[in-house]
Structures are given as structure tokens and as C-alpha cells.
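The structures come next, written out as C-alpha cells.
Common to both upcoming complexes is subunit A, partnered first by subunit B, then by subunit C.
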Partner chain A sequence: MATINLVDLKKNYGSVPAVKGINLSVKDGELIVLVGPSGCGKSTLLRMVAGLESVTSGRIEIAGRDVVKAEPAERDIAMVFQNYALYPHMTVRGNLEYGLKNRGTPREEIDRRVKEAADILEIGPMLDRKPRQLSGGQRQRVAMGRAIVREPAAFLFDEPLSNLDAKLRVQMRVEIRKLQRRLKTTSLYVTHDQLEAMTLADRLVVMNNGLVEQLGTPTEVYDRPATLFVAGFIGSPPMNLLPVSALDAASGFDILGLPPGTDVVGIRPDHLTLESSDEPSLALPATVELLEPIGGESHLHARLKNGDHAVILSVPGRPEIEEGATITIHVKPADLHPFNRESGRRTDTAVANP
Partner chain B sequence: MQTKRTIFPNKLLPYILLAPQLAVTLIFFIWPAMQAVKSSFEREDPFGFKTTFIWFDNYKRLFADPSYINAAGNTFVFAISVTVFSMSLSLLLAVAVNRVLRTNRLYTTLLVWPYAVAPVVVGILWWFMFNPSIGIAPYLLRGLGVSWNHRIDGSQAMLLVIIAASWKQISYNFLFFVAGLQSVPQSLTEAAAIDGAGPFKRFWTIVFPLLSPTTFFLLIVNINYAMFDTFGIIDATTAGGPAQATNILVYKVYADGFLGLNIGSSAAQSVVLMLIVIVLTAIQFRYVERRVQY
Partner chain C sequence: MVENRPFLSFLTHLVLIIGVVLVAFPVYLAFVASTHGEGDFLSGLVPLWPGPHLIENYRLMLTEGISTAGAPPLWIMLSNSLIIAIIIAVGKIAISLLSAYAIVFFKFRFRLIAFWIIFITLMLPVEVRIIPTFKVVADLGLLNSYVGLTLPLIASATATFLFRQFFLTIPDELMEAARVDGAGPMKFFRDILLPLSRTNIAALFVILFIYGWVQYLWPMLVTTDSRYYTVVMGIKRLAATADAEPRWHLVMAAVTLAMLPPVLVVIFMQRLFIKGLVETEK
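So, the complex of A and B:
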């Protein structure tokens, strides 16, 4: 139970900056997901909080205490590693007990906590096995168990699901969420998977190039991406980003009233429709290039007649459209996200960009 | 274990392909070994005119011979000391190098050099340094009030050959330990650090157990080395003296057979050594694959 505060945190490797000044406060019991492409500094940031990387400048406060100079063991955190980092020569029980023994926890207390964690994670029958005798998902649970038994102030997760297959990943994702809700332990979670980030996070931190691009709840970030980068990164299939010139010939362009400075417009694939609605909308003529049925919905790859721009539509069901057919795409003005290419920011009401 | 199977269309071809290796093994390994076994059951007259088959007389005599028992004791002390000394020192060096990131190549290269030095040269090197009349070490030791003369003092002589033999073996052990240490995932030590283990505790509870395959392998290799490959060092440094104090089994084989010309006894001794090697190798194969796994 604790808060984590990062104040202007920076990290350089030699002369190369990896983390360029991060400010973040994690509330007590909150799960914050750091998401971004590889090399954006999210793992480095997490390892700095863990105490595994030195800090070039700035402050890290865990439970109100500045821990920049503290050893990892003194920070009262537990970390789940991408490769689980289970001690291969110890049994599952040995793995769970190791951190408690090092801290001189009394025997009864150790037994109680190990039993509790084993019950929560349903790894009781495996306590006397070695990690190599476990499957990937079971190892993942043991790694979680090792974090739980410590009853730390905060959990740090470093891409804990990326070594699992797709099905197990979804399952473990749900379990991590439930577990975190139940234990109410402050958590920092690093991932490069935007779906994982969206589903797990109380609040989301989108990082790029060692900086925070946007901080907000998953819906805020999805509904109002603050920058072009976030717009392209969050959402699958990604948001269509079109230059304004691609729209200006379309009927209905005059009513848009785009904010000054707008030269790029973002439209989510599911906001592009084939049927015109009653509300005034923008109509864009296009040619169908490819139709991908993916079950309940279909992805329609089309090319705008005006300016030769590729767009993706996410349409319900399986529309009967021939490849090469000419269609008219409709979009409501309210669903347009206006951006400025040079600054990379939204041009309508400024969204705070820490 | 998965093996690649090759199907030969011709029944004869695999044997032809194997023939060179088999010939080498038979002529240079199996045949001499068989000769040794044969000689160990025979006694030759002083002029080499005839040999008599005498069953186990050579062996009986050997085990009743106090100088053989003495050599066995020396070998025990020597092998254990060299193994412990060279392994612990090289582990220390390997751990140190593993912590240094940038110049680690340089250290590794420098530390490997002694391995390239021939055993006899190693012997001469240390003989020279510790030479009671002209060596630098006795001179320095005299300053500390220690009178060094391994030509008279048996324990000093033993110490000298142990140092010389260990020095040469450190490079070899070091290389294996460095490789072993680098294969221990960084995240394990990090996890242990978060789990509240200090550097020493991390080493002994995480890193060292994970090194156990390497350690066990080196243990066998080092015992083998100390028992069989140190002939050159002993010969050049002390020649088994003074008063048999550094005479180890493998050196005694040479001394009795080639200097004393007692072929029968020498052959029996080498058969005993052969059995020791077989046992050590068997242990190695059995345990490296089983016990040491985690």
C-alpha cells in the first residue's frame, strides 16, 4: 500500500539519453501501465524504480520516501520479470521462501504466506517441483507468487506475459487484473502490447523516445489521443491519419470547421461507415482494394479517389462488396481528430501533455 | 537426445569412413595399453633376453612397497591441493572479471596466457624463481625470516610443485568459470537482489549452485591434470626429490621404468593409474549428466 512518485527522472547511457525526464504519480492501489514501442525507455524506467539501473537525475519516491540511493532490497518492491527469473535449482517453495528467508521472517509467518499465495494462485500441488518441471503458465504463476508472498508496497511487472502463447496470455491478463484488484497493491506494469495496456490499466502512460506522450485512462487515451504518435499507436487496426488535402474536395468539408493549424486528420476505422446517416457527414469516394473478414466484423482496405490515400474501415458483419468496386465512405465531423503534423499535437482544445 | 541418422546405401562405406579413426585409436591407444597390461604380469631378466609370466607378483610387491605407498600419499596431497588451490583462485578471478564490463576481454586474454606455456617450461620457470642459490623468491623470503630450500625441505618442495602446477591450471579453470558465469542469467541475480540477498549471499545461494556443472567438470579435469599431466613440472622442478617428497605416482612410473628399468613394476603402476582414470571418467560421465542438473 503506497504511492510512487517520479519527479523529472532522467537516465543517460553515456551521452545517449534513454529516459528524458518523466513525471508520474501513481496513486495508492492503482495499476499504471507503461506502454510504448521497443526502445522507448519504458523498461529502463521500470528498472530504475526497481533499483536495477542507476538514476542520472531526478527523484523516485516510494511511499513518500526518496529511494534513489537505496538498494533494490530496501525499496519494498517486488518485480515479475519477463523471463520469470525463477531460481532453477530451488523448488517452487524454495523460490517463494527465498525473499522471506533473506529478510529473517519467522518460520510460521513464511509458511502462512506461502500457503496463502499458493492458494490464491492455485499452485499448491506444485510447491515441491522444480521450475523446469512446470509449463510456461505455471512458471508465470510462481513468479507472481514470489512477488505476492513478500507483501510489498508495490509490484513491478516487466512484460510478464510476452513469453506466453496468445491464449494463455489473455487468460493470465485477466488473472493479473483480478489479483491486483483483490490485493490492491500499487503496480507499475510495462508492456509493448497496446491491447494488454488498454485492458489492464487504471491509467495508461504512452511513452515514446524516453518521454511521456500521454497519460490518462484507457478510454481517455483511446477517445482523445493527445498526439499523432498516440493516435497511431493505440487502437487496432490503427487510426487512419489523412492529410487535410485528402478531404477538402469532399462534400460536407465546409461544415467541418477544423481548428486553425490542422493539417492532419485522424479517423478510427470503426468511425468510417458505408451508410450515410441522418446527421451531416463527410462523403469520400474510394475504391475497395481488399476485404478481410475477421469474424464478427470485416476490415475493408480502400483507397481514396482524392489524393490516393489508403484507409482501413472496420465494418460490422460481412458486407457484399467486390474488390475494385467504388464506394462512398461517410464520417461524422465529430469523429475527426485534428492534428498538426509539425508539433504532433491535437489542434482542438489543448490536452495537457506532461 | 536427438541424433541425426544417416542412411548409407553401401554396407561397407561406414566402416571405411571409420577406419582411419579406428586405426589411430588402436595403434596409439589400445595397443600400448594392452602392452602395459601384458608387461604388468611379466618379469624381464636384467639383460632383456627373456620374460617370465608371474601373475600378480608385480602388483603384490607394489602394494607392499613403502615407497609406492608414499608416492600414493604424495599424489593425494598434491592432487587435492592443486585442485582446490587452482579452482578457488580461478573462480575468484573469474568473478572479478565478470564484474568488469569494458576491459574484460583484456583481462581474459592476459589470464589465459599461462595455459600456453609448456609444463616443463613452467617447471623451469618456478625452479628458477625459487632456486635457493639464485632465485628471487628465496631472497625475498629470507627478508621475512623464512629460509627457503626446497632441495632439503620436503614440504617446501611439495609447496613449490603445488604452486607451479596450480599456476598453470588457473588459466584453464578461469576460462571455464568465466563462460559458466556468463551463462547465469542476469535477471536471476537481479531477482535475488530484489529478494533482499546481499552480494555474498547472491553468489553462494544463486550463482554458485548454478555453476555446479562447470565446477564438477573442472573438479574431475583438475584431479586428472594434477595426477597425470604434471610430470613435466615435477621433472623440471624437483625430479621427485628431496628424498621422494614430491614423487607422485605418474612420476614414479617414469622413474622406475625408464631410470630404474624395472619394466614390470612400472607397467603395473601404469595399469593402476589407468584404472584410476577410468573410474574418474566414469564418475564424470555419470554425474555430469545426472546429479548436477537443476
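So, the complex of A and C:
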């Protein structure tokens, strides 16, 4: 149980800045997900918190204690690695016990914690096996178990699910979420998978180029992306980003009243519809290029008549539309996200952003 | 390549059998010779079947040796060889494990230079540096001692290089996990790196034991006291008798005995050796 505070944290590799000044405070028991494209500094940030990477400048406080100069073992954290990093020559039990033994935990206490972790993770029957006799999912559980037995102030997860297959990943995602809720341990979780980020996070930190782009709950980030980068990164299929000039000829444009400075408009694929509604909406003529049925919904790739811009629509069911047909796309004014290309930010309200 | 052609498999087997015979025949001949009596080998006809003097010859060599050739009893030379081979193998493994650990897992100044200096010594085998090494050993007063026999042979780059390559395959996360688990550098080395290197150590031990056992030139140079003779150089002394025919039957008994320990090491360590190749613990 602890808070984590990062104050103006920076990391340079030689003259190359990797993390350019991060401020973040993680509340007690909260699960914060760091998400961003590869090379955005999210893993570096996590490793700095873990103590595996030196800090160029700034402060890291775990449970109110400045730990910048502390060894990883002294920080009261536990880390789950992407490739599990289980000790191959030790049994599962040995793997769980190793950290506790190094700390001089009494034998009965070790046994109690190992049993508890094994019960939580349902790895009891595997305690005497070696890691190589386990499947990927089981190894992942053991890696989690190694973190749990420590009963640390904070869990650090470094892309723990990326080595699993898709089905198992969903399953383990749910388990991690349940586990974290149950143990109420402050957690930092790094991933590049936005679905994982959206479903796991209490709050989401979207990172790009060593900086925080936006910090907020998953719904906040999805509903009101603060920057063009977040708008394009979160959401699948990605948000359509169109220059204002693509819309200005459409009927209903004059009622929009876009904020001053707006030159790019973002529209979620599911906010573009084929049927007009009762509310006033913008009507955009377009040509269908490709229809991708993906089960419950279909992705419609179209090209706007005005300005030749490609857009993606996410429509329910399987509409009977020929490729090459002309359609009219409707969008409600409230569903438009106005941005300024120059600053990369929203233009409608000042979004509080670190 | 799996092919089902009778002629081809006949041919490959034939080649293999010829190879085995070529290698094994001299060994067999040495053994046969060691079972015959005095003079049987000087008659011009080489006997191809074992003779009746096996126990007699071996007992003579083990307990008394050939004093006229200046060779001590064989058991002294055998135990010398054994001690030297084990010291060399263990010493080399210990030193190279530690130096490879330093080079791979620690980031210190001149790390790369240190590695290259070690690597360059690969170009300087014992024979090349033998005169200066002899001078140093002699000045340190280490002639006729186990230290003098083994120390110059222990320092080598081969094993360091092999361990370095193995350590490089160990994922960084393993060390990081150990750090988070509160294991310091020596604890990580002892608890995780050593057990993981077990099979590599076994394989290297086999190779280095034999390397130590067959040393000839260096023991020859630094020993003048027969108490420190090794068996490989002793054989040379047995065969080079002045003004007399070598007593081949006894020399061959010595040869057979000298061959035995490396063979035993290979046979018994082979299981570990193969286990190391088959079971990758990663």
C-alpha cells in the first residue's frame, strides 16, 4: 500500500533524451497504465522506478520515500517481466521463495506466503516443477506469484502479456485486473496494446517521445483526446483526422461553430453513420472503396468526394453496399473533436495536461 | 540427410569402420605389447594376440619402474599427472568463470580493452612464450613444484571466451529479476549463474583435464626432480634408454596406463556432456 510520485523525472542516454520530464502521482491502490508506441520511453520510465535504470534528474518517491539512489531490492517493489525471467534451474517453489530467502524471511512466513500465492494463482500442483515444464500462461502466473509473495508496496508490470497468444492474453488480462482489485496494491503497468491499456487502467498515461501526452481515465482519454497524437493512437480503427477544408462544403457546416484556431477535425469511426438522424448533422458525400465485415460490425473504407480524403466507418451489422457505390456519411456536430495542427492540441477547451 | 540407399549406407559404414580400425589398431598393439615378455618384440615378428605376462609387467611398472632409465615407479608419475590435470582444469574453470562474469555483467572502464587483452593471449600458446615463462618461473623459484607445473598453464583465454559466449546468452531480465529479489553480485553468481553453467563447466572440465594430462613440453622443462615427473614425459624417458634396446613391453604397459584416465574421464563425464547439449535450460 503506497503512493508513487514522480517529479520532473528525466533520463538521457548520452545526449539523447529518452524521458523528458515526467510528473505523475499514483494514488494508493491505483493501477496506472503507461501506453505509447515503441520508443516513447514508457519502459525506460518503469525501469527507472524499479531502479534498473539510472536517473538523470528528478525524484522518485515510493511510499513517500525518495528512492532515486536505492537499489531495486530496497525499493519495496516487485516486477513482472515480459519474458517472465524465471530462474530456469529452480523449481516454481524455489522461484517464489528466492526473494524472501534473500531477505531473511523466517521459514514459516515464507511457507505461508508461498501457499497463499499458489492458492490465489492456482499454481499449487506445479510448485515442484521446473519452469521449462510449464506452458506460457503458467509461467506468467509463476512470474506474478513471485511478485505477490513479496507483498510489496508496488507492482511494476513490463508488458507482461506480450509473449502470450491472443486468447490467453485476454484471460490473463482479466486475471491481472481481478488480482489487483483484490490485493489493492499500487501498480504501474506498461503496454503498447491499447486494448490492454483501456481495460486494465484506473487511469491511463499516454506517452509519446518521452513526454506525457495525456493523463486520465480510459473513458476520458477516449472521449476527449487532448492531443492529435492521442486521438490517432487510442481507438481501433483509429480516429479519422480530416482537415477542416474537407468538411466546409458539406451541408450543415455553417452551424458547427468550430472554435477559433481549429484546422483539423477528428471523428471516431463509430460516430460516422450511413443514416441521417433527427438531430442536425453534417452530410458528407463519399465513395465506398472497401467493405470489411468483421463479425458483429463492419469497417467501411470510403473516400470523401470533397478533397479526396480516406475515412473509415464502423457500422453495425453487414450493410448491403457495393464497392464503388456513392454514399452519404452523416456525423453529429457534437461528435467532432477540433484540433490545431500546429500545437497538436484540442481547440475547444483548455485541457489540463501536465 | 535421411536417404534410403543400401549401397550408400554400406559405403558410409565402410568408411567409418576403416576409420575406427585405423585409430584403434595402434592402441590395440600397445596393449598386446604390454602383455608379452622380454624380447618378444625384438624377434622381428610382431605378435597380434595378448601374451601371458600382463599382470607381471604392470606390477613391475607401477611399483618399481625402470630405474636404469631414470624413471620413478609409474604410480608416482600417474598421481602427479592426475594432480596437475585436476589443478589445471579446476584453476582454469575458476579463473575463467570469474573473468567472464566480470566482462559480461559489469560495466567498468576499459572493459572492452580488458576483454581484448584476454582475447589476444589466445594467440600466444605455451610454446610461443615458453622461454620468458620459464625465466619467470625459474626466478620465482618454482621449478620442481606443482605450482610451477600448473600456474603458467592455468592462465588462458579459451575458457574465458567460452564462458563469455555462454553468459551473453543469459537474458538481462534474469539478472534484473535477481536484483529486484535482493541478490547482490556474488549471490547472483552463486545462486543463478553457477547452476546454469553446470553443464558447460562439465564439458570444459573434460576438455581441460585432457589438456592438462597430455602436457609434455612444459613438465619436461620445469622438472628435474623425478618426484615431479608426469607420466607423459616419463614415457619418453622410458623409451630413450642409452646403449640398450628399449624394453618395449614395459614402455607399452606405461602407455596403456597413461591412456586410461582420460578415457575414463570421457566415458564418465560424457553423460553430463551430452545432457548439457540436449537439455537447454532456458
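Here is the rule we go by: the second predicted complex is superposed on the first by the 354 of 354 C-alpha atoms of A that agree within 3 Å, B and C clash if a C-alpha of one lies under 4 Å from a C-alpha of the other, contacts with A are read in each partner's own complex, and residues count from 1 in each chain.
Operating definition for what follows: contacts are C-beta pairs under 8 Å (C-beta built on N, C-alpha and C of every residue); 3 or more make two chains touch, one makes a residue touch a chain.
If you're wondering where the values come from, they're calculated on a predicted model, not measured in any experiment.
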item	value
Subunit C versus subunit B on the shared subunit A, clash or fit after superposition	clash
First, second, both or neither for A:Leu52, with subunit B first and subunit C second	both
Which superposed partner A:Arg303 touches (first subunit B, second subunit C, both, neither)	neither
Contacts of A:Lys184 with subunit B and subunit C, given as first, second, both or neither	neither
Which superposed partner A:Asn83 touches (first subunit B, second subunit C, both, neither)	both
Doubly contacted residues of subunit A, that is, touched by subunit B and again by subunit C	50-52, 71-73, 77-79, 81-83, 85, 87-89, 98-99, 102-103, 130, 132, 146
Contact set on subunit A toward subunit C in their complex	50-52, 71-73, 77-79, 81-83, 85-89, 98-99, 102-103, 130, 132, 146
Contact set on subunit A toward subunit B in their complex	50-52, 71-73, 77-79, 81-83, 85, 87-89, 98-99, 102-103, 130, 132, 146, 150
Touch list for subunit B against partner subunit A, complex	185, 187-188, 190-198, 201, 205-206, 209-210, 212, 294
Complex contact set, residues of subunit C against subunit A	171, 173-174, 176-183, 187, 191-192, 195-196, 198, 281-282
